[in-house]
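Sharing a structure, written as structure tokens. Questions coming.
By letter and in written order, the chains are A, B, C and D; residue numbering begins at 1 in each of them.
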């Protein structure tokens, strides 16, 4: 269904993905674990064809490689649901309209279906009480729920979730992960990108690990993903010397 | 330094903060824990006077209550550093310019100081290699670092951090928390809002807990903040029935 | 589906009322200027036409031409050149008297030396210098005609003025039209730019170009229609004010109004589609 | 600190080149229209002035007035009313001959009945109907003067035309100015609206209103300056094109250009400051 073959992606000097090859089957559940700036979002953007690989091929279903036409890209995106890390909600439309717009754009459903579908999706993420609010009137977590509702409302064949629980407290996060799991069991392929090993653990599924743009399938969580250090005594001076933190960003 | 007295904040019907009273001293380290939509961001916005309480008074330093003039509000904000949950970076300026702008706005530093100060802040968050990039060319975690750099570059007397590690993997998160701790030890009051008990644990400091707009000082983490359920067997059907998750959003 | 697009356009108009009103005002201003230009052109054209009506040719008759002969000549002239009026010798003397104005001079003249004449108002097609001199030549062939006079130089000058004015009108009109196209295009472009993010997100959701663009174009058309109405009202107000001071200033005829509104809508269509096309190309990676 | 603001303005101009160019084009279009109006007004004014120059008064002299007396009269007229030229009886007859054009009539007249006269070109201040009739009355008191004639009705009509044209110019000019203000204001408003988020963030960072607004205003002034230059170039091109067809079409004088550019800058200042003020009030909670 999704197949990367020796995909390399450069942004100018910066090597974001380095010779990545992997595949994902229909209806599979995959968790993409990687530290910040590892290249997770870049990988997802290659799937939606928001960006082109510098070399290698990306094949999605029957659409394979090369530059797709604008119409084909639009078609592809209508079969994919994406939860963006920065949500990308329309600030001038209510929560309901944001979700309903995705239903309308998909074109799969009759006009009379739009309202019930939208309401069901909002209910699934627990936002039905907020349907009239504008995104700017939501808490950050509520905005994320709205983004999730928009991604799942069409029950896409592929669901890409980029840190979908980043703004949620543990309990809500667990609920969202359960929802995504349910959608996968209904037949969708779900690819979840996250920096947090505990999300990976809770979500389950096959794990692939990105590290500085290189892929390590099924790898054990590395040192970078150790849990946070234990609670420090309140107001106590820090044990660690105030050395600047090691950057995670450079290194092409 | 910061003092809330019987502060209530309504958004229309919605009660976001309900009779909240608390205070924070100069140089104190406080962690504000609360589930999504509990009212954390609302509380922080009351401190920066981006919004007005429906009733009660908010006093910051010598500026006490009521509607401040535009000039006074600007003055107040120049003494506070805020890490916004949604970053609020200027999309058309480079990372360097985003941070340098805060230095220029503060007006505290000579023109010749702007460049070295900015560079130091970028180094502190590990972004010095990305100073020329636009926010749109950063990974989500890098954007959060940029937002942090902008908030700390002026070494403000008060630092408000709204989920400052939401986009970071555990190791980077620990580094950022250490950085915030260092800034607190240099004399700033640091108020950190988060939905994640483990962040609270790692940051230390006095804990106050918000629950549906009501304040519980020093409370133990409640059931909502239990760690995520353990890893589920890959691809296995869910144990829990697919009941819709309980909403966390309604309930004025 | 059309209903959806209209609803979207209306929603956008309401949600961004400030933006929409700003756009309408800008467009109305530009269109009002174009309308003022049209009003001036229309009335100048009318005035020139009216002046042209005054161009006439005087056919002096032989003193021995009888009444029947003159009438036959008039019939022939009516057929070939235009309407004519007969001026007898007595009438000519009277006119001369008022023209000179000084009774002393007239006393000195004594008898009436003036011939009878026909004043010919030529058909519009013949009201230019080359045609008029040709007519004059032909008329002089008639036996009843002593001589033919028309203000040759004056007609030539009027022709030149007419041509000059027309060229000036074309030049100014071109500038006005270009300026209007620019303001229209740029205003709509700014309005679209202000909603660039929205376009970007819709494209990410898989919307086709048509789906994204149609409500914008509809909105632009609505705004232009409103602006054209405002502009016409302004121009009408101007015409009413002018008509009180300057006789004969009339409002644009219906066809001009229709052409004006239609032109504005076509321009708005093209401008907004072009602006969107550009944004869609740059945004929709 | 001023340097910083200019740098900011320039940076913004570059970062949003599309937006900035769009703004400049819109402004240039609006300003070009205003410039065309100024050009037309200026040249119409010149033309009316030139026609006004032709207004003269004819003072018929008694046949018995000697040369010395006439010269004394001319000196007095020069002092009080304007320059005069002497037309002898012979010259008057010659002119009459060419005017009438028909030798038959002249033969009938025989002797020259025409008096000598003075053609008086009045000072500009006196070139209107009330002043002219007053002058005529005064001149008729002189013993050397037989009669005074001036095209009373014609002068009255010219006065009316002049006043009408001036009123029309004021009306059209008002519309043009208003339209320009609207386009200017709205274009800058749209440009600011497109950067609303930026304003919002700067306010959240504690920037004073002046800090936020100054670069915008600077940028608006830069853009208006560029637009005014483009507009003047266009108007100059139009003038050059017209001058080839219509004699005597001249470009705007320096003072008008300065007033035009200065007016545009002042308007831009006010418009952008107003637009920003509004945005600052709504955004900066």
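Observations on the structure shown:
Following the convention adopted for this analysis, a residue touches a chain if its C-beta (ideal position, glycine included) is under 8 Å from a C-beta of that chain, and two chains touch if they have at least 3 such contacts.
Predicted model only: the values in this text are computed from it and were never measured.
Chain centres here are means of the Cα atoms, and by that rule the chain farthest away from chain A is D. Rounded to a whole number, the gap between the C-alpha centres of chain A and chain C is 63 angstrom. Averaged C-alpha coordinates give centres for chain B and chain C that are 66 Å from one another. With centres taken as mean Cα positions, chain D sits 23 Å from chain C. If you draw each protein chain as a dot and join the dots that touch, you get one closed loop, with every dot joined to exactly two others. Chains that are in contact with each other form these pairs: A-B, A-C, B-D, C-D.
The part of chain C that touches chain A in the complex is made up of residues 4, 15-16, 197-198, 201-209, 211, 280, 284-285.
Residues of chain D that touch chain C in their complex: 18-19, 22-23, 25-26, 28-30, 32-33, 36, 40, 101, 104-105, 107-111, 113-114, 149, 163-164, 167-168, 171-172, 175-176, 178-180, 182-183, 186-187, 189-191, 193-194, 196, 234, 238, 241-242, 245-246.
Within the complex formed with chain B, the residues of chain A that make contact are 11, 28-29, 34-37, 41, 85-86, 123-130, 137, 139-142, 145, 162-163, 166-179, 181-182, 185, 195-206, 223-238, 240, 242, 244-250.
Against chain C, in their complex, chain A makes its touches with residues 48, 50-51, 70-71, 73-80, 82, 84, 88-93, 101-102, 104-106, 111, 150.
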